[in-house]
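Note that chain A is present in both complexes that follow, paired respectively with chain B and with chain C.
Up next is the complex of A and B:
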């Protein structure tokens, strides 16, 4: 009898499948067998289509290795703070799904090679999948990071994080640390560590290497391609998850990544980056009453009012194209701005720059007092507006700060004495 | 004295700029001069920074050419229906912005080369920028297209359209025409026709060529690269505007474009496409009570209730990663489904496939009855759900139709007798 964990061959009328037999998930129809393919994907096969199940190899019980962690005086020290996510998840043998479970110390056992590049400290500060991150978590993480940054012996901080909202967290931390004496590197995995195709190992090594560099920025370190060749180090305010499952899901938007990092320790810088400040400055004062709205043909015209009535202080709009909204929303935006609510315009195209002058409707929108956010990503404008509203309630000042580059979120336009219209 | 339309050289302390002097826009600060660079972009330069303005060439008055349109019995006939947008816009010399103005007949005068490939019929059916498209416009456009399709002498229909929401319209038309005997090709321009860098001309030629092909699909035809070399013909349900201003802004997502088209008439097919049906079938019955919500960390937990209270019958969620929502929304979604509201899950990554089984939270979300939309784009799921709700109110049937490929919006998974979990 085949048992979960066994390598099996399943024969159907049309095909043969080889994979690890998975424990039966709660909510898959009971007439289904699930196996994990060599590719790392799980597939379900209807029982009635199965002609034969053959056990190729019985499961063997895993043995946890005890690796002795040697400290080296020659190496820098990196703090790994774990928050949860796929990078610290394993298969839940009750449901057959994956869930967050590894603690920070486990990472060293998982990938001992990281000790070639740094002495590792580790602390588990949170244990959630990243879809459940909230602004409160960002504050908590920032405080923990700040503690590590202020330790003299620490060269940089790695934060392991679920990938779904890693770019939101990276952007918020970029604004929360106006001064940084050491790098902050967020890292995640698209495939859990129990999969052959897991990106955990290389991402982890490269993030530790990144955390030993002299960089004063918050960054995201993830697979650059679908191969295990090198990672990209992305600016925290210029990166977005652009694929649901590929290992190279994270892409720098509107600029190049900061660097390429190879797991053997080589690093190649691709653009200019911020050098470390002498001190660290933490600013966690944010206003959470900010909403993010993507517009589309037929969007309910009262959606702006909904947030006004709820006492929201800021609204980021992901407009179409250069930053358009349906004309019937312009009056609503005008009303919001008159009430003192900051309305910021970004583009759902993601690539490219918003523009407040090209078309008559954009001019009308701009005349309401809506703030065009240059080439900022909607997600980045969302967290930045929370940050800016934590500093000031004056619309003029909010506009000035939103349109000023604070943490690499806005690229300059061609020349200093002109602006694109 | 330099006048609007003159080619001028403007000298500042740091640099020289050469371009066409633009009429002063209403809302640009009055201390600014605006010129149109050779690149097609307008720039504003503060007057106080200007050392000198030199007129290089005075503006000459344009002369409208009268082109005699010859009909050729050897050529197929293409109907161009114009709806507005940049492709039919020119500079408004009052505001300095661009506005929609050209009628369909003007296109022939604009680019006479289209007559090499087809006899042209033209009709202006709408005159709006695409941010103002609504479901009502989609119905109107579909009816007009249907009339053209049923004319024996017409080989295909080209719809000129603003680019901002062109992919929404293309997707909706894909569902509104379950049977198509001729191709429907949407075309737009990222740069207005008065710019040197305008993509109007090549896009228009290639769209006419596309409309003469034996294809039974709704497609989008736009620049493939930033050069004027060839266009891509995208499937209407698999395309998205991915850049605010570049001419190659439209990208096929999760699959290859249908074809490459060169302006000299060559066409190279890249994937399989639907052959023409014998007849045309129009189904304009849609339910507009559908909302599209992008989730993010900190999203208001009552947003689902807002739409329930407004009597919405369908909600499409653009989740994070594989289709996640913050856990606190899962109960809200459960409530919506219990009320008979269809909740559909897509991903804000755009690339890749949603997944209802990989993580515990996804399983919980799936158990609420939420419908995972495979590799469908959020915008496409939004218009498809309107279409499906026009057919049925039964959740089981809605689920079946949403997860079934109707118009190329869902790519199949590896093999017939298995499914990815």
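Up next is the complex of A and C:
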């Protein structure tokens, strides 16, 4: 039987084709067989036309080149933990799409220039596209990062991550490490690594450079502009994916990026950042019974009941404008608070601060005991509430913690420049 | 030359732009010369293809780290061209035109096509690859010298337009990137230079039968593959002028024959090239040569290498006036950016003395048959350049190198890049396979072929000459539309108007005719069809429209008073003129009177009728 990768001869009524048998995407129903011709092109031949398939040469198993990595005593050491995503994607012949397949070692092969800035330790801890991440994964990643942080020789940790939910992970790690002696840098890619134009190469170099800095924060490192010139280093609690496909999709919201990093090693800090602590502290206790609700005109009020019935302990609302919800929802929120559920108000505008009393709707909402979350992003409030509920069940205490700046998630002073940066 | 004896084999690769929006987005396919609205800077990296190999051509590009600048327009280029958004679904119209062309070339479409990524990292594609899909195979065309098989037809996106290259920065414009192209390739069934031209002409004409291909400079590009016995297949890229094809092929034959001779000689001499590089700064320390002095002043190294067996060959002409050394310089420059090197065949020269040459030869242990070369540069770069130099020399020992070459203005060629391998293709994972169903094929209409159209035109009353002219003209489709629409107008008038009016306007009025669009012809013929103007007015109306294209034909007629007059009105005018010029009429001064009448009625009625009526009036 011919297997994908074999050189085969396919005989049809009119013609003989010679080529390498390609696997077909499983998710697409198909009545064709695809081969790669000598010219490099793939073509499909209708199955019912085929009379015979003969294997000319079985596929050779590709040998993996082992690379020797020289350790430099002069350079710091950076741990790269890979979790999957586009940054570690390759062509998948099973689905015709891209899949996560690169191991951490491959990153060095991918962009050898990172060795100019650091010795690389590498570990693959997960192989998952970021849309499939769950709070369980955050805990697992945090534990692995903690192990690396506690290694004396390691000066910082880079986490390669799918971009879709990278800002959730970044925010959660920000709360899980109340003390941090070294930088944690999350990095992803918007173009897969199998193409020459991939943003992986520059993002990876810049993230490694960031991981060698004396910073005690969790950050995201991605292209700053559509050019391949420099990256931004964003605060993990103030960053959001703002575009489906552009390289510079990640933007700091209500805050300037921490720094600009060039792939030649230059770094320019734009705001104050947290200096490293002496030790690392990990707190993975979270309560996963938290929901995030996006309100919209015509939203069904029973959505709140649904979560109450399911035993949820916290609800984050992405309200409209300053934090509004349709007036008919307010009584449901009141009911939730009465039951001891923490209801947190953020804005789906992302930019700007919520407000608890400029309009009557807000005042009534505020009177229910809902917690206004300043300028916190809805996603950040969502993970923060999980974290806070891991610490306390008392509404008063929850309110105090949600409105207190713990990991840079609240910016008390939003300046004019912090919009659409 | 006996082309059979030398074993000449040529194949063509033709790229033709289609006249639709872009292949993977909705941007219009327009090239622009106004100031671009923005620019973006990128880098590209060689990455492994589907089969895990990195393509040799890709590596060659990467040897030079470059910054690519892309210029774009906010209203005609989008995130897809910028590689910031995944490609949209394949342009269905382009696919259908591609299939039409395939059927015109007697080809067979595949059952299912897969869009591929062809690795290209010279910067001409923002993504680092060109999207391309093979859609049909196994066709042919007939030439006077026999059948030429057309073995493949692909639909692909055009690359970005190169605007400038300087200081390690290459500037491209995104307007061309993504324009649908049909790429087709013939088998090497072409055995003479003239046959190559004929085949290219034929294929071009067949593609135009769809009425959906772009016309004008740069919209069709021919690549020619040439090989001779003992030579190698060499691809010559970007031939624009069909008439140049025979000359280009003849010059390539000359080049390959020269290289075969050189290879024989090198083998006789047992040339053994080694990458052993030596500094000869000491030897040249006190040289009178300004080049050397300058290099020493700039603290550059002077690194030399022995070229075993090459004595006397570097100054040998291999193609017209081009020396072998020139080819070497271009090769080394391509990979390292180094401007040139000095070789022993041109020495003593540049102030380098015979004695110094002797010293270098001795130092490098050169025998009589050996040459040497040296470069001025910092050590690392110099050695890199010489390493590429030796690579190329080794290729010469083996024979004709497998090159992709670019055409110069004089039809000679220069090194462009090594021949790419099959490793440069892998599936475009952002697209799903496209089935070519029976239903789709049923929908495709095969356009009339050239010979069918010629027969039709002759039936319409066109002369042989006119029929051929209109067949090859860019107004072919407009012509057919106008004939269909204006049944009262003779097709000959329509054809000759389309073919010659522009020239006539330029000559007679000195007006630029490019503003004349299809609409202007349509409006003018509509007036003629309705009998509102005489055919004599056409040139004048169109000339006016060329100068004021925003006007309508009807407005021009009103303004210039070009409404057709009846014979009755003509007779009135003639009688009036005769009355006013009794003397002349009496003396039957026909010519003078004709002039007077024509001044009044030019363009408003057929001149022959005027003459006839005037004669009649004078005879009374």
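The rule is simple: the second predicted complex is superposed on the first by the 344 of 421 C-alpha atoms of A that agree within 3 Å, B and C clash if a C-alpha of one lies under 4 Å from a C-alpha of the other, contacts with A are read in each partner's own complex, and residues count from 1 in each chain.
Throughout what follows, contacts are C-beta pairs under 8 Å (C-beta built on N, C-alpha and C of every residue); 3 or more make two chains touch, one makes a residue touch a chain.
Bear in mind that the values here come from a model prediction, so they are computed numbers and not experimental data.
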- [ ] Mind working out whether A:306 is in touch with chain B, chain C, both or neither, as first, second, both or neither?
- [x] first
Open item on the list: In the overlaid three-chain picture, which partner chain does A:45 touch, first (chain B) or second (chain C), both, or neither?
Closed with: both
- [ ] Would you sort A:79 into first (chain B), second (chain C), both or neither based on which partner it touches?
- [x] neither
Open item on the list: Just checking: does A:227 make contact with chain B only, chain C only, both, or neither of them? Give me first, second, both or neither.
Closed with: second
- [ ] Please indicate which partner A:320 is in contact with in the superposed arrangement: first for chain B, second for chain C, both, or neither.
- [x] first
Open item on the list: On the A-aligned overlay, A:119 touches which partner chain: chain B = first, chain C = second, or both, or neither?
Closed with: neither
TODO: Please work out whether A:247 is in contact with chain B alone, chain C alone, both, or neither, and reply first, second, both or neither.
DONE: second
- [ ] Have a look at where A:196 lands relative to chain B and chain C in the superposition and call it first, second, both or neither.
- [x] second
Open item on the list: In this superposition, which partner touches a larger number of chain A residues, chain B or chain C?
Closed with: B
Open item on the list: Quick one: is A:351 in contact with chain B, with chain C, with both, or with neither? Answer first, second, both or neither.
Closed with: first
TODO: Indicate the residue numbers of chain A shared between its chain B interface and its chain C interface, in ascending order.
DONE: 14-15, 25, 28, 34, 41-46, 49, 92, 96-98, 244-246
Task: chain B - residues contacting chain A, complex - done: 12-15, 17, 25-28, 34, 41-46, 49, 89, 92, 95-99, 129-135, 137-138, 163-165, 168-169, 241-246, 249, 288, 290-292, 294-300, 302, 306-307, 310, 318-327, 347, 349-355, 357-363, 366-367, 379, 382, 414-421
- [ ] Would you mind writing out the residues of chain C in touch with chain A in their complex?
- [x] 40-48, 50-52, 58, 79, 82-86, 108, 110-114, 116-119, 121, 126-129, 132-134, 138, 152, 154, 422-427, 429, 432-433, 435
Open item on the list: Per the contact definition, I'd like the list of chain A residues that touch chain C in the complex.
Closed with: 14-15, 20, 22, 25, 28, 30, 32, 34, 36-46, 49, 62, 91-93, 96-98, 191-198, 201-202, 226-229, 244-247
